[in-house]
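As written, the chain order gives the labels A, B, C, D, E and F, with residue 1 at the start of each chain.
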Amino acid sequence: MSFDPPAEVVRALVELALREDFGVLGDITSTACIAEDAFANARFVAREEGVLAGTAAAAEVFRQVDSSLQVSWAETDGASLDPGTAIGAVAGSLRSILGGERVALNFLQHCSGVATLTRRYVRAAHGNARILDTRKTLPGFRAIQKAAVRAGGGFNHRDSLSDAVLIKDNHLAALGIAKAVERARARWPNRIVELECDTLEQVAEAREAEPDIVMLDNMSPDDVRRAIALLEGVARVEVSGRITLESVGAFAETGTDYISVGALTHSVRALDIGLDIDG
Amino acid sequence: MSFDPPAEVVRALVELALREDFGVLGDITSTACIAEDAFANARFVAREEGVLAGTAAAAEVFRQVDSSLQVSWAETDGASLDPGTAIGAVAGSLRSILGGERVALNFLQHCSGVATLTRRYVRAAHGNARILDTRKTLPGFRAIQKAAVRAGGGFNHRDSLSDAVLIKDNHLAALGIAKAVERARARWPNRIVELECDTLEQVAEAREAEPDIVMLDNMSPDDVRRAIALLEGVARVEVSGRITLESVGAFAETGTDYISVGALTHSVRALDIGLDIDG
Amino acid sequence: MSFDPPAEVVRALVELALREDFGVLGDITSTACIAEDAFANARFVAREEGVLAGTAAAAEVFRQVDSSLQVSWAETDGASLDPGTAIGAVAGSLRSILGGERVALNFLQHCSGVATLTRRYVRAAHGNARILDTRKTLPGFRAIQKAAVRAGGGFNHRDSLSDAVLIKDNHLAALGIAKAVERARARWPNRIVELECDTLEQVAEAREAEPDIVMLDNMSPDDVRRAIALLEGVARVEVSGRITLESVGAFAETGTDYISVGALTHSVRALDIGLDIDG
Amino acid sequence: MSFDPPAEVVRALVELALREDFGVLGDITSTACIAEDAFANARFVAREEGVLAGTAAAAEVFRQVDSSLQVSWAETDGASLDPGTAIGAVAGSLRSILGGERVALNFLQHCSGVATLTRRYVRAAHGNARILDTRKTLPGFRAIQKAAVRAGGGFNHRDSLSDAVLIKDNHLAALGIAKAVERARARWPNRIVELECDTLEQVAEAREAEPDIVMLDNMSPDDVRRAIALLEGVARVEVSGRITLESVGAFAETGTDYISVGALTHSVRALDIGLDIDG
Amino acid sequence: MSFDPPAEVVRALVELALREDFGVLGDITSTACIAEDAFANARFVAREEGVLAGTAAAAEVFRQVDSSLQVSWAETDGASLDPGTAIGAVAGSLRSILGGERVALNFLQHCSGVATLTRRYVRAAHGNARILDTRKTLPGFRAIQKAAVRAGGGFNHRDSLSDAVLIKDNHLAALGIAKAVERARARWPNRIVELECDTLEQVAEAREAEPDIVMLDNMSPDDVRRAIALLEGVARVEVSGRITLESVGAFAETGTDYISVGALTHSVRALDIGLDIDG
Amino acid sequence: MSFDPPAEVVRALVELALREDFGVLGDITSTACIAEDAFANARFVAREEGVLAGTAAAAEVFRQVDSSLQVSWAETDGASLDPGTAIGAVAGSLRSILGGERVALNFLQHCSGVATLTRRYVRAAHGNARILDTRKTLPGFRAIQKAAVRAGGGFNHRDSLSDAVLIKDNHLAALGIAKAVERARARWPNRIVELECDTLEQVAEAREAEPDIVMLDNMSPDDVRRAIALLEGVARVEVSGRITLESVGAFAETGTDYISVGALTHSVRALDIGLDIDG
């Protein structure tokens, strides 16, 4: 599917999640209370409005718990959900469904929470700038969270430290802007070089250094406009630093290319999704 | 430390996190812009009020990135933080510090977010009931999130499906309450048996079945009071179901033993903590 | 199946076992002596009387060696076996069957050995007390051994250190019984608290401290009776400490709730089960 | 140490063992009842006569639980133990010692059980034949169990399917002895080729085929003598098949080179070793 | 298949390879440019002459990327390839095929490179001696490279340090040849003992020590002949040390049993194999 | 160190390598022939001219085999080596040194082979173009091989499929150049978009589509010149396709920015490096 994270990442994280939830004895409640041959149909249902994500991980959970379970999806990642929307279904052994339920929902609710929050930012930007995620992801969840950001209409910033150069204040201390950009270009000649600037003075220096992208950190919309004017024809612009749903619109109107929002992945409210089981 | 999660869980999750963040080429920015022999002192500093958690994971990050880094802590998990509180320090190779910075902060900010939210619930309950977490944890993070709940003054519900019996509506369909509790007792005679009830009628049945704990799901404070009266001397009581910071006080006053809150781990805002580096 | 250990634990242990048995070159004997297209039917057959366990692991071995093998079971875990009982069958590539044979048998014979020994203890207790396992399991085998104990009619004690409080002499040194139980209750308010006592004096103290379960370690049956009398209405009782098949009956008659036996998992004789192959 | 299994195998198995024993919450008893700064000295002490093995794994347990613990050994693998023999010591955090105690003992008791049983067989053979282990090891434990066999004075048979050719009845069905040995020699010209024979007729055939070793399976001592006479100058001889401590002496007197005993690793009684802690 | 390496080794290495190639975001090019429902047929085609190997790994790559892909092989490991030979086919989702293409080819080209080089040495030896590989394999690739050596008509030397005794100069320093062989025999009585000799003087000593195999290191063909004469009836002979395609024939004519060639696995040119896709 | 691959990748690959080399029994030769308390000093010495790489992996090998070994380096990755150059030293237990020797050398020789080959290409390009590696790396070795390319003076192309867009013929089938570049830009607005062209007609189209980089595949130097003229001011240029040491100079003179060479990592001759041990 379009928004699926890499399969091997999903497999590994689901293994981890099932290991911690099944423990040594497995689902002792179902073992005691559910007949071994009881079968059921279950449906994932949205309990509130939002955007769907995480179906690949949820499906993998049931596959690992019991490969004879039948999982099907009525909606795919990126779909808009209303309260009551039927998202997908699982059919098979009731014990197996109950065994995987919580972990599958944990993935689905978290990923859909990321996608829903992303879409809110995207809408608040009114198409004037692209919304980017950051590296402020939950450890181990980066691929899955970044797929959810895409499902919500956002775009992905660097995937890792290995992917693009991003020069921040700590990298500048010894070298200064011109030298730092030059060194980065020399060492990694075929990579995006992005430079963080905190002041208009730095932006003026950046104009000479010609990075591919300038990240404006914690500036006011007015200063962002000035910076964009300075950088026109030289570098694309990313706005960053505690952007909120309230402020994102004003920043988007400045003409910036990108707005990056750490909260998309570090401060997520789970979307309420349930699993209705017909015993 | 008191609130540390098991060491081998932390080690494995940190490995996962570093693998995704360093990728194939490692920190290409630092390689280009930071001298190999540059050393620095860095300090973790709180940027807002909250409760600290996640120090074990943050320390492990730097240990795995470069075992020659010196990490020390001025505060331990559970400490109250104010804006500006110095939490700890890292000293050594600047490249190594920058390489581990983001992942260490991702752990620290998320865990401290969990602990901070937990403490808010604990305070809002005014000591009238214990605040519990749930199994609604982020996949792979359960041990780390549950340690953060403890750091915030909360208590841990089941660690896994393997740990205690918790009979919910789906387990009751075929058996009914009396039979389900009886079966669970027979199969797992030395374990806690908890029963979820949605109505006072179920509570009345529960009174006969004598589980160890009755979980009252989505009831009003008044109904909770009635349920507690019915169950006095029979079972302890846990209140559950979309408890908010606004409502938790009223539920705590009912006399319930426990209040469980999924949001402690599934809907967490990262606490703002920074790493100040003296280049 | 009822007694199956968690699937992901089985998968991981089977991987480990195959890695060590196939080594770098694989089954060099079959490669040399068996035609690539030779097919066979093979049957697991009991060679002595006992109780079956370990079928999930044995099946997983063949699945990992060659997913085209057909494995079926005539008996399930917990079944009584006589010499000659046909347990199950494998059909497919002869090379693959021979490749997995030894590891599958190693699992099946060990697990059935655990189940058989457990059933002996259960029978010797004449239904007067429940037989429990301990944490004296083979490292890495806990889930699999505990499932085998259940197959033999035993019950599972703690799954791990994380599951219930069990206060032993080393925990008492600093605190004494009353304080230790109180602290445990305060820290883990919704968990079983069990207390080990070596003397009747300690039992008398335990009576005041009111743990959920008192473990009587290395007491005579007469002292066990006295302890039970002291603890009536206060705590359930577990007898522990070098219980043998000869002594278990006498302890069971004391009225104790549980008798825990380390030997169930730490001193196991493999049950003789063979794989008969029709070339 | 001489008998240590490969370090990376020990590391991996200890990780598995700690993960299953610490679970999600860790050692909840010690967290509640032991002060964080309590220190202790503990000593491993033999409680019965036997042979020591497993010290590498036991040390690794404490290293992984808490690398600040000090572990030292008064005896090394292969040492004879009497009741009361001080084996080694651990010093450091009491919480850490208690956290690792059970898993360390599980390794030490099992491995010493293997070594002790091996030495009994070795002694019963009176030096007339070498005692070998088999591939009937506990899955995942092969390296550790085979090291314990060496500690007990035994020798190691094949390490895996990859190590030497061992032609059994199922390999012979299509080819017959002469052809099977020839094929094995052709395919693996620089490896030991061993052939299992169940009858003296097969031994006569083996004499022509000239394998390196002939394994005589389930023969009487008298038949073993006849087989050895037939094979003199042609192949070394291994006796196999339900050898007991009672029968091993008689088989050893036949002049066989090796006697292999599955029970050394598949039917092991744990040796009683304790950890005495000075709180 | 005859030359397949052990399945669990292949699975693990393919996981590693996909993890590094898919990274955090997966195949971003295909996601952007290929429709989710586009299907294709693709064929592996040899672009130059050589010997095929690595099909098991290549198939596993596509299975892990997308288990719905259909992979079939027209040729098996060990087959001779000409430019244009159709080796096998993959059919299914175009995105999945493109996602796995590079890694599958990386395996196939490297393994076929090993097999092709091996066959060249085998042919240059004109059947006068067997060509062996060494432990000079790429870390993690040993099982896969050794399978490719077999596919090329070579034979496998030791699989690991654990497999046979090979006494080199560093082992001799303290003991001398006679003592070293004696010790090895005593410690590992049922294993191949091989001895490396650098001079004819050492060979003369070896003749008394009677190892199973003598490895002649860096000797001239004439000295090899002399050594063989000395060792006749005592030990088999292996020639080793910078053998080239030019020199291997002369060494083979000496009558040596084996010639071992490190270059088979440490200095491999990838065989040119392509994947032709019908979009 | 400058050229070190990410530490966690090295750790994991070294674990894999030691597991396969130590097998079940470990280094049986050293166990038999080397005294447990024998110590030695050993030196890595170049036996031929080349460029050093792989020291991080070699050091990690000895650390994992025996953490008490002392490893030090006289040269760092990227250093020029002559026959006899002392590269580094290992001191400690002789058994441990011999146990790790082969695997450490396997890493060092392969990585240095990559670095040496890279430097040859770099020199042959006379500074007229940058030499790039490709994704044609050995599975699991990408990070380590790409670090070796850097040590040799080359630059790294994409680290993975996740890193940059690279549109090849199979991606163009459905869309054509203009549309494919447009889609890639829309989906991944902040990433490098590279386009492969096989003909000058495609280059003309590329000129309109404005990718960041155009890869010219299998063109003659003259056509490369024409393409560069067409793309001036529009896109940087990469030349690709069976570049050899003989042809690379001519291509570099065309004025292309980059020349990518698959052989740097897929067809590597090990550099001859030895470990001299003073027993």
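Just a few scattered comments:
Following the convention adopted for this analysis, a contact is a pair of C-beta atoms (placed from the backbone, for glycine too) under 8 Å apart; a residue touches a chain by one contact, two chains touch by 3 or more.
Computed from a prediction, not measured in an experiment: that's the story for all the values here.
Looking at the partners of subunit A and subunit F together, the chains they share are B, C, D, E. More than half of the residue-numbered contact pairs at C-D reappear in one of the options A-E, A-B or A-F, namely A-B.
Centroid to centroid, with C-alpha atoms defining each point, subunit B and subunit F lie 43 Å apart.
Spacing of subunit E relative to subunit F, judged by their CA centroids, is 21 angstrom. Multi-chain contact residues of subunit B (touching two or more other chains) are listed as 6, 9, 19-20, 22-26, 31, 142-143, 156, 159-160, 162-163, 188, 191. If the chains shown are joined wherever they touch, the resulting network links each chain directly to all the rest. Residues 15, 18-19, 22-26, 31, 36, 64-66 of subunit E are the ones that touch subunit A when the two sit in their complex.
Considering their complex, residues 6, 130, 132, 155-157, 159, 162-163, 188-192, 213, 236, 238, 257-258 of subunit F touch subunit A.
Interface residues of subunit E facing subunit C in the complex, by the touch rule stated above, are 1-2, 4-9, 142-143, 146, 156, 159-160, 163.
Residues 9, 12-14, 16-17, 20-35, 38, 57, 94, 98-99, 102-103, 105-107, 109-110, 113, 135-143, 159-168, 170-175, 180, 183-184, 186-188, 191, 262-263, 266-270, 277, 279 of subunit F are the ones that touch subunit E when the two sit in their complex. The touching residues of subunit A, when paired with subunit D in their complex, are 19-20, 23-24.
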